[in-house]
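The structure under discussion appears below in the form of C-alpha cells.
Chain nomenclature is as follows: A, B and C, assigned in order of appearance, with residue numbering initiated at 1 for each chain independently.
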Amino acid sequence: MSPVLELADLSVRYGGNRVLDIGALSLGQGEVVGVVGANGAGKSTLVNAALGWSRGAAKVSGRIALCGRDISRMPVQKRVGEGLCLIPEGKLIFGTMTVEENLAEGEDEPGDGRRTYGVDDVYALFPRLKERRGHLGSQLSGGERQMLGIGRALRLAPLALLLDEPSIGLAPKLVVTVLETVRELCADGLSVLLVEQNVKAAIAVVDRMILLERGRIVLEGPAAEMKDNPRIAEAYLGAQKR
Amino acid sequence: MNHAVNALVILALVVVGYFLPMAFGGGGAVYSAFVLIAIFAVMSYGLDLIVSDLGEVSLGHPVFFAAGAYATGIISVRLGLGPLPTLAASIGVAMLLAGVVGLITLKLREFVFSLVTYAVTVVGLTLAENWSFLGGSDGLTGIPLFQLDLGFAGYKAVTDKDLWPVAYVLLLAVLWLVSAFRRSTLGKAAMTVHLNPRLATMSGIDPQRTRLMVFLVSAPITASAGWLYAYQRAYISADVLSPYFLILMLTAVVIVGRGLLLAPLIGVALILVQEKFLSFGGYVDRIILGTALILTLAFLPGGIAGAFKAGFRYLRGKAASKSDTIEGGATEWR
Amino acid sequence: MNVGQQIINGLVLGHSFALVAIGWTVLLGVARLVNFAHGQMYMLGAFVTWAAIAEFGLPYMLAVPFSMVVGIMVGFLMQQVLLRLTLKQDLVSIMIVTLGFGHVLHGVAALVFGSTGQILDTPFSTKNVYYGDLWFTWQDVAIVMVAVIVFIALKTVLEKSRLGRIARMVAEDPKLALLGGIDVRKVYFGVFAFEGAAVALAGAVIGPRTPILTSMGFDEVIMTFVVVVLGGIGSVWGSYLAGISLGLFTAFFGALVSPAYTTPAAFLVLIAVLVLRPGGLAAKPGGH
C-alpha cells in the first residue's frame, strides 16, 4: 500500500532564493511525523508547499502524491478536496464568523472510504467548542482557536493533516491536550505531519521525527531513537532559549 | 570621458528631435501633431512622478492640467497679460490646488487615495461646467496668440509650426526636471517610501511630507502643459477635465514601462499618431485607447519595454539553456 | 420650499443611490475590489433596457432581466481580464484597468446607441401620483421597492445561506478560504456577476427618471463612493442608510442652495468624513 502522503524533490523558492529542498519524505497511514528545527529552518514552508499554499509568493516545484495520486498540479482547493488539509500557523480560523459557522463548511460524502467528521463529532472531540458555539472566532482564546482550527480541518474529511505549530502561545497543559487529541485521531487512521517548535511535547506523540536545517532534512528516525540524539537535544535547547 | 560622450549623444538627440517634424514632411498637420505630443507628454510627466516614483495613482491630474489652461485663459483674456505671467499663474494655481489636495489625501493610500483624487476631477468638471467665472459650459474663448515680448526681442506664434519651438523647449525643460528629480534627495526619498516604507521610516524620511512635496513638484509640470494647450487651442472649456485626458495620461505612463525617462513621451507619441493619422473615428479610438490601457496592465505589467526585455531574456535563456540560473521574480520590475 | 416634496424626492433619490451602490459594496466588501467602470455599467444597464424596449419591442418587465443578463456578461468579461491581478491583489492596477473598461464601454455604447440622449419610458414612469401638493411617479415607487427588496435579499443571503457564508469567508481571508477547500475564483466570479446584474438593474429602474446619455456615469461613481465610505466599506445596512441620508441631503441641498452643485457638495461631505474619521475607512470584512 502506498503511503498517504509522499513528497519527492520538493523545492521552494522565494524570489531568487531556494528556501526548501526535500529529497524524499513520506507519511504512512495512521502515522504522526514530527518536523522540528530552528526558526527559519523551513518547517512551515514544508507543510505549506505540500499544499501549494502560501501567504507570500513562493514558487514550488516537485512531486506531491496523495495515496499514490500525483496532486502537484492541482490548485489548493482541489488538493483540500482530495483530503490534504492544512491548519496554518497564526490566523487559522475566521474571526468574523461564529464557531458554528466556522465549522459549517464540510465534506460529508467524500467517497473512497474517507472518514467524515460531522459538526457533532467535532463537538464530541472538543466539548469546549460546543459551549462556545455562538461566539465569534475573534472572541476565542488561543487554545480554543487551535481546537476550532483542527475541527475545521476535520470537517473536510482529511486523509492527511498538516498541522503547523499548534502549541504556539498555548499553556503547557493545553499543548498536551491538543497533541493527545491528535494522537487519538491517528488511532482512527488519520495521518499527521506535525510541525512543532516544542520538541519535548512533540516527541511524546510522534512515531517518527525529522530535523530540518536550512531547508534540508538533516536527520530522520523513529521517535524513540531521536529522543537521545544530541542534535535533537540541541534543537530542543535552542527552542528553549527563545 | 564617458560624461562627454553622454553629453554629446544627448545634444545630438536634442538637435535631431527639434528637426523631426521637418523630417516627417513639415506640413501643418505634422507640426500640430508634434506640438500636441509635446504638450500631452509634459502633462503625462506630472502624473508619471506620482505613479512611477511615489507608487500611487492620482486621478486628479486633469484638474492641474485644467488649472494651467484656465489660469492662462482667464488672465490672458481678462487681464491681457502675456505668456510669462500666465505661466507663473498656472504654476501658482496648480501648486495651491496640489497643496490642498495633497493635504486632504495625506493619510490616504491606494484605492481610497485614487477615489478621492478621482472625485476631485469630477468636482472640477462640475465646477467648470457651471461656474460662470470659468466661462461655464461655453468655456473661455478668444485666448490671444502666444506672443513673447522681452523688450529687446519678441516672438509671436501664429501657427502650430511657430509654436513648436516653445513646445519643444517646454518638453526639454520638463525632461530635465524629471531626471533631476529622480537624482535628487526628494526623488530618492519618494522611491524609498514607495518600495520600502519601513526603510524610509528608519532612514528618517517622513512619508507624508515626501508625498506632499512630490505632489507640489508634479502638479506644476502638468499645469504647464495646460498653459501651452490654452494657447494652442485658443479656447478652453470643461472638456479639459474630461476623462479622455485622464485615460491618455495613464495609458502614456504605463504603456511603455513605468519609471523610464522617455516612456511617457513615447507613449503619448504612439497614442497621438494613432489618433491623428490612423484614426477610426472618435468612438473607436476611445475603445482602442481603453483597450490598450487594459491589456497593458492586465497582461504586460512591465509595459512594452518590459515585454521586449522578457522576450530578449527568453531568447537568451534558450540559447544558454544549460545554465539553470533562473532569476525568479525578476520579471516584476518598476 | 415644499418640505414634504423634498422628503419624497430625497427618499427616492436615496434609494437610487443605495441601489446603484449595492454592487460596489459587495465587490469591495467581498473581493476588496474597486470598479471605476461602475458608472458606465450603470449607463449600459439603462441603454440596454431602452434598446430592448425601443428596438426589440420587449415589454419593460422583460427588458429589465435582459439588461441584467448583459450586465452579468460584462461583469464576467471584466473578471476574466482582471483575474490575474485579482489573485495578486494588485489593487492599483485593477483600478486603472477598470477605468480603461469604463472608457471602452463608453466608446462601445456611443457606437451602438449613438451619442444623442434618449428617454427611457416605462409603464410606471408616465403614471403620476398626486397627493395634496405632493407628486411622484409609480417609477419612484418601483425604485424604492426594488431597492428595499434587493437589500433585504442580499442581507438574508449573506447571513443565512451557504453562499453568503462562503462569500464572508473569502471577504475575511481568501487564503484561509482556500484551505477550507473553497474555489476563491468562483466566488470572485460570483461577486462580479452580482455587481454587473445589480448595477444594470439600477440603470434599468432609475434610468427612466432622467434622460439617458452615453456620457453619463461619473456622478454615479462619486455618489457610490460617498455612499460606500459613509456606510462603512462593505457594510450592507450602512450603505442603505448612507444612501438615504445622502439622498435627503442632496434633495435639500438642491432645493435650498443649487441643484448644479450637488456632486461637489456630496464630495465635501465625503472629505469631512475622511478627515473626521479616517479610521472609519478601515475595511470591515464580512459584508454585514
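In this section, a residue touches a chain if its C-beta (ideal position, glycine included) is under 8 Å from a C-beta of that chain, and two chains touch if they have at least 3 such contacts.
Nothing here was measured: the structure is a model prediction, and the numbers come from that model.
Colleague: Which interface, named by its two chains, has the most contact pairs?
Modeller: Counting C-beta pairs in contact per chain pair, the top pair is B-C.
Colleague: Among the chains here, which has the CA centroid at the largest distance from subunit A's centroid?
Modeller: Using the mean of the C-alpha atoms as each chain's centre, the farthest one from subunit A is B.
Colleague: Can you figure out the chain closest to the middle, judged by Cα centres?
Modeller: C
Colleague: Which whole number of Å gives the spacing of the CA centres of subunit A and subunit C?
Modeller: 43
Colleague: When the C-alpha atoms of subunit B and subunit C are each averaged to a single point, how far apart are the two points in Å?
Modeller: Centres of subunit B and subunit C (C-alpha means) sit 32 Å apart.
Colleague: Give, as an integer number of Å, the spacing between the C-alpha centres of subunit B and subunit A.
Modeller: Spacing between the chain centres: roughly 53 Å.
Colleague: Using the touch definition up top, name the residues of subunit B that touch subunit C in the complex.
Modeller: That would be residues 55-57, 59, 104, 107-108, 110-112, 114-116, 118-120, 122-123, 125-127, 129-130, 243-244, 246-247, 250-251, 254, 283-287, 289-294, 297-299, 301 of subunit B.
Colleague: Help me check something: in the complex, which residues belonging to subunit A touch subunit C?
Modeller: 51, 53, 55, 75-77, 80-81, 85-88, 91-97, 101, 104-105, 107, 152-153, 156
Colleague: Would you mind writing out the residues of subunit C in touch with subunit A in their complex?
Modeller: 162, 165-166, 168-169, 171-173, 175-176, 178-184, 285-286, 288
Colleague: Please name which positions on subunit C make contact with subunit B in the complex.
Modeller: 34, 36, 81-82, 84-85, 91-93, 95-97, 99-104, 106-108, 110-111, 218-219, 221-222, 225, 229, 260-261, 263-264, 267, 270-271, 274-275, 278, 281
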